[in-house]
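Next come two complexes, and both contain chain A; in the first it sits with chain B, in the second with chain C.
Let's look at the complex of A and B:
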């Protein structure tokens, strides 16, 4: 898809989300906040998982770390927005340090290592009761103004975060960094030989993938007013975000946005009708995605779809 | 703690380790041969546990009698899953295969939670404990350990002696060359995954006698399988055995000194360090990326 068209579609989508308080019910506004929040997370994951092609499953670790740093700072009396900034910086620094270590791994080992980080963080946060409240979780100062006002504030916050991550994605997409990351995705050794500073590029991509997860986590903590280790370091979140990105089209600018929107709306429909089966439905979405949409929604083109259907109809005796 | 206490902790660790080896050996085989991280493993253990529990609770079938039937059932389940679903993407990047098995895991997990609920259940055999020179070992654990070792040993023999076992090893070494030698690689993949699932189901039977059966534990078991594979090295029965026993002893002592919650943290941290320092595992058998 043409780049300019992608930017226009994104702008339209942002306007649609941001204008929900004008035309939608509270339920719609809340849904818009969730979509904006997950879009920021998915766009973040796209740096490491989409551009560089590293199977990172550590989103929940950064989200959780951000929410805890934010919550602990707020409880210490630091103003909310400053606390979010602290959470962002702390998460970014943590990811840079961690990335320098675990980005030496490849393939399955990297995937396992990145999941293990989520588990280790959860266990440490649960065990460190004196600072984090352990399994009881932490309460945050309540924001005045009633639930409607609070939802609108966080709609604004999350939309801004979504726009910021999108702008960074656009920049990375067009810059040397994005080019280098795509080289790493295709063939890391060849990229290294061709003079791409692979270690530096990967660490930058990993840090970018963490930075705004930290902010989003902190903002989410302030929004809900309560966090606990199981919710903050959720294995479901750590898989959902890559799935959203794969659904839209990894390594593209608009793909993560599209994937998040499609996934969240789909999930919302199923949540409303089959509450008990929401995990199974996520599973079915994954299976369908992998078999029928290998390039994501953006990878589809009308020509391919019609050709595919024609092939399916014409294939009673296909080979093997 | 006195010397006797240390010895007791060590023995506990070894018993636990034998159970862990049985837990990880199927996971390690699948990872080593198919190059797939089988996120379903934890849920299949629990599925085996549930079937055992209901056979025992509703029909009074002793878990060890149910074991062969469950093993056959699980083998069939794994064989078909691999043949019909996973084989289609088996050579794709990690992100695809891992996400797919995770998706399948979510489906299985969800149905188990709906049908069985997350209430912990347990097969209570009340066998008492034996006391050897002042060291107490509960009989059910001892029995579990014996069965875990027998199963692991049987898998070792199958891999070493049987035609299928040699074919699996050949595919693991070089699937293209194996195909040229007339091995049906896709079938070997399905058989391997079937064996992996069988071992997970059998582990479920053994664990049902020792631990509570609940879907809350699927993630924990999967995590243990990761740790054991990384400690021991991939794709070999010996590796899983070494990894299991090392993790058992470490958890036993860590639980003694830092409390049970931190025992798991220590295991995971050890894994992260080993991943970076020595990804081939302690046994040094070369891993597969």
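Let's look at the complex of A and C:
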């Protein structure tokens, strides 16, 4: 799909999400916040998982770390927005240091290593009761103004984060960095031989993938007013984010946005209609989508799809 | 003037000595062939010179600088380019993008646009322009080998190591590749060719190095090499050696 069209579609989507308070119920506004939040996470994952092709499952580690750094800072009396900034920087630095170690692994080994980070972080946070409250979790200062106002504030915050990650994606996509990451994704040895500083590039991609997860985590903590280790370092989240990106089209600009929207909306439909089996149905849908759409929704050739549909429509007529 | 020097380099893999106490030098602008039986250590040697492997002992010097500990991307940026025996393209990128990547990173171009311009020149030079927008994975073997050459050239190399660029090609493709290698040499690039095809070695190389069991067993002009008893025993075989000796003598007679 043409890049300019992708930018336009993104702008339209941002307007749709940001305008929900004007036309939607509170449920719709809340859904918009969740979509904006996950879009920022998915766009972040796209740097390492999409551009560089490293199957990272550490999203929840960065999200959880960000929420704890944010929560602890806020409880220490640091203003909310500054606390989010601290969470971002801390998570970024953590990812850079961690990346220099675990990016030596490749393929499945990297995937396992990155998922282990989530568990290790959860255990450390649970165990370190004096600082983190352990299994009891942490309460955050409540934002005044009532639930409606708070939801709107966080709609604004998450939408801004989503726009920022998108703009960085657009920049990376067109820059030398993006080119180098695509080379690494296709053939790491050849990239090395062609003069790409692969270690540096991978660490940058991993750090970019963590940075805004930290911000989102801290903002989420402020929004809900309470965090605990199980919720913050959730395996479901760490798997959902890559799935969303793969669904939309990894390594593209709009793919992560599209995938997050499609996934979240499907999830809502299944929650609402099949309370008992929603996870199972979702699982089947994911498998089917990934089987038949290896390049994601953006990788589809829409000309072929419409031609196929047209053929299907014509066939009954020919039979009669 | 020497440009690339290996000083007593060795490399062990476990208990196996793949390269043993090997020294040689490449002079600026010459074409040198590296021959030897399978498993002699030819590719290992190239890997040692380009930072893919680090020597267990010894030093590599490039333009007077010790580059023994360099990493592959540093070698590429310095102007030590190589092609792979097993071609290594970026499969889902176009031919043009493949070459642009090499120009951007290895050739240290300032922008993607500048790199693309260099890439177009190199595609023209290697005759790949008609295939510029094809995916690299869609090329034939001969096309991929040409792509490897175009990528290396886009890095603006000072030394180019060609690891069996002619293996698997047919006679007319080989002639095309030979013309191309000569054109590259005319640009002043020092070339080290690893070859099994003696026809290529005889027609290209000003000097031949013979590697056997990780050691240099002979060094000299192509004509000296085909008459060297150690080389005949280790690599060429009696029959071949006799044929080459005959051919070269006849050739000299005809020329004279």
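Keep in mind that, in the parts below, the second predicted complex is superposed on the first by the 303 of 320 C-alpha atoms of A that agree within 3 Å, B and C clash if a C-alpha of one lies under 4 Å from a C-alpha of the other, contacts with A are read in each partner's own complex, and residues count from 1 in each chain.
Keep this in mind: a contact is a pair of C-beta atoms (placed from the backbone, for glycine too) under 8 Å apart; a residue touches a chain by one contact, two chains touch by 3 or more.
Keep in mind it's a predicted model, so treat the numbers as computed, not measured.
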**OP:** Kindly classify A:265 by the partners it touches after superposition: chain B alone (first), chain C alone (second), both, or neither?
**Re:** neither
Original post:
Of the partners chain B and chain C, which touch A:49 in the superposed model: first, second, both, neither?
Top reply: first
Original post:
So, does A:107 touch the first partner chain B, the second partner chain C, both, or neither?
Top reply: first
**OP:** Report for A:196: first if it touches chain B alone, second if chain C alone, otherwise both or neither.
**Re:** second
**OP:** Please work out whether A:286 is in contact with chain B alone, chain C alone, both, or neither, and reply first, second, both or neither.
**Re:** first
Original post:
Of the partners chain B and chain C, which touch A:183 in the superposed model: first, second, both, neither?
Top reply: second
**OP:** Tell me which of chain B and chain C touches more residues of chain A.
**Re:** B
**OP:** Could you look at A:276 and tell me whether it touches chain B, chain C, both or neither (first, second, both, neither)?
**Re:** first
**OP:** Could you give the residue numbers on chain A that contact chain B in one complex and chain C in the other?
**Re:** none
Original post:
Where on chain A is chain B touching in the complex?
Top reply: 49, 53, 55, 101-102, 104-113, 115-117, 119-120, 123-124, 126-127, 235, 239, 242-243, 246, 276-280, 282-287, 290-291, 294
Original post:
Can you list the residues on chain A that touch chain C in the complex?
Top reply: 174-176, 179-180, 182-183, 186-187, 189-198
**OP:** Please give the residue numbers of chain C that touch chain A in the complex, ascending.
**Re:** 50, 71-73, 76-77, 82, 84, 88-93, 100-102, 104-108, 111-112, 151, 155
Subject >> chain B - residues contacting chain A, complex >> reply: 31, 35, 37, 85, 88-89, 93-96, 98-100, 102-107, 109-111, 113-114, 219, 223, 226, 230, 261-262, 264-265, 268-269, 271-272, 275-276, 279, 287, 289
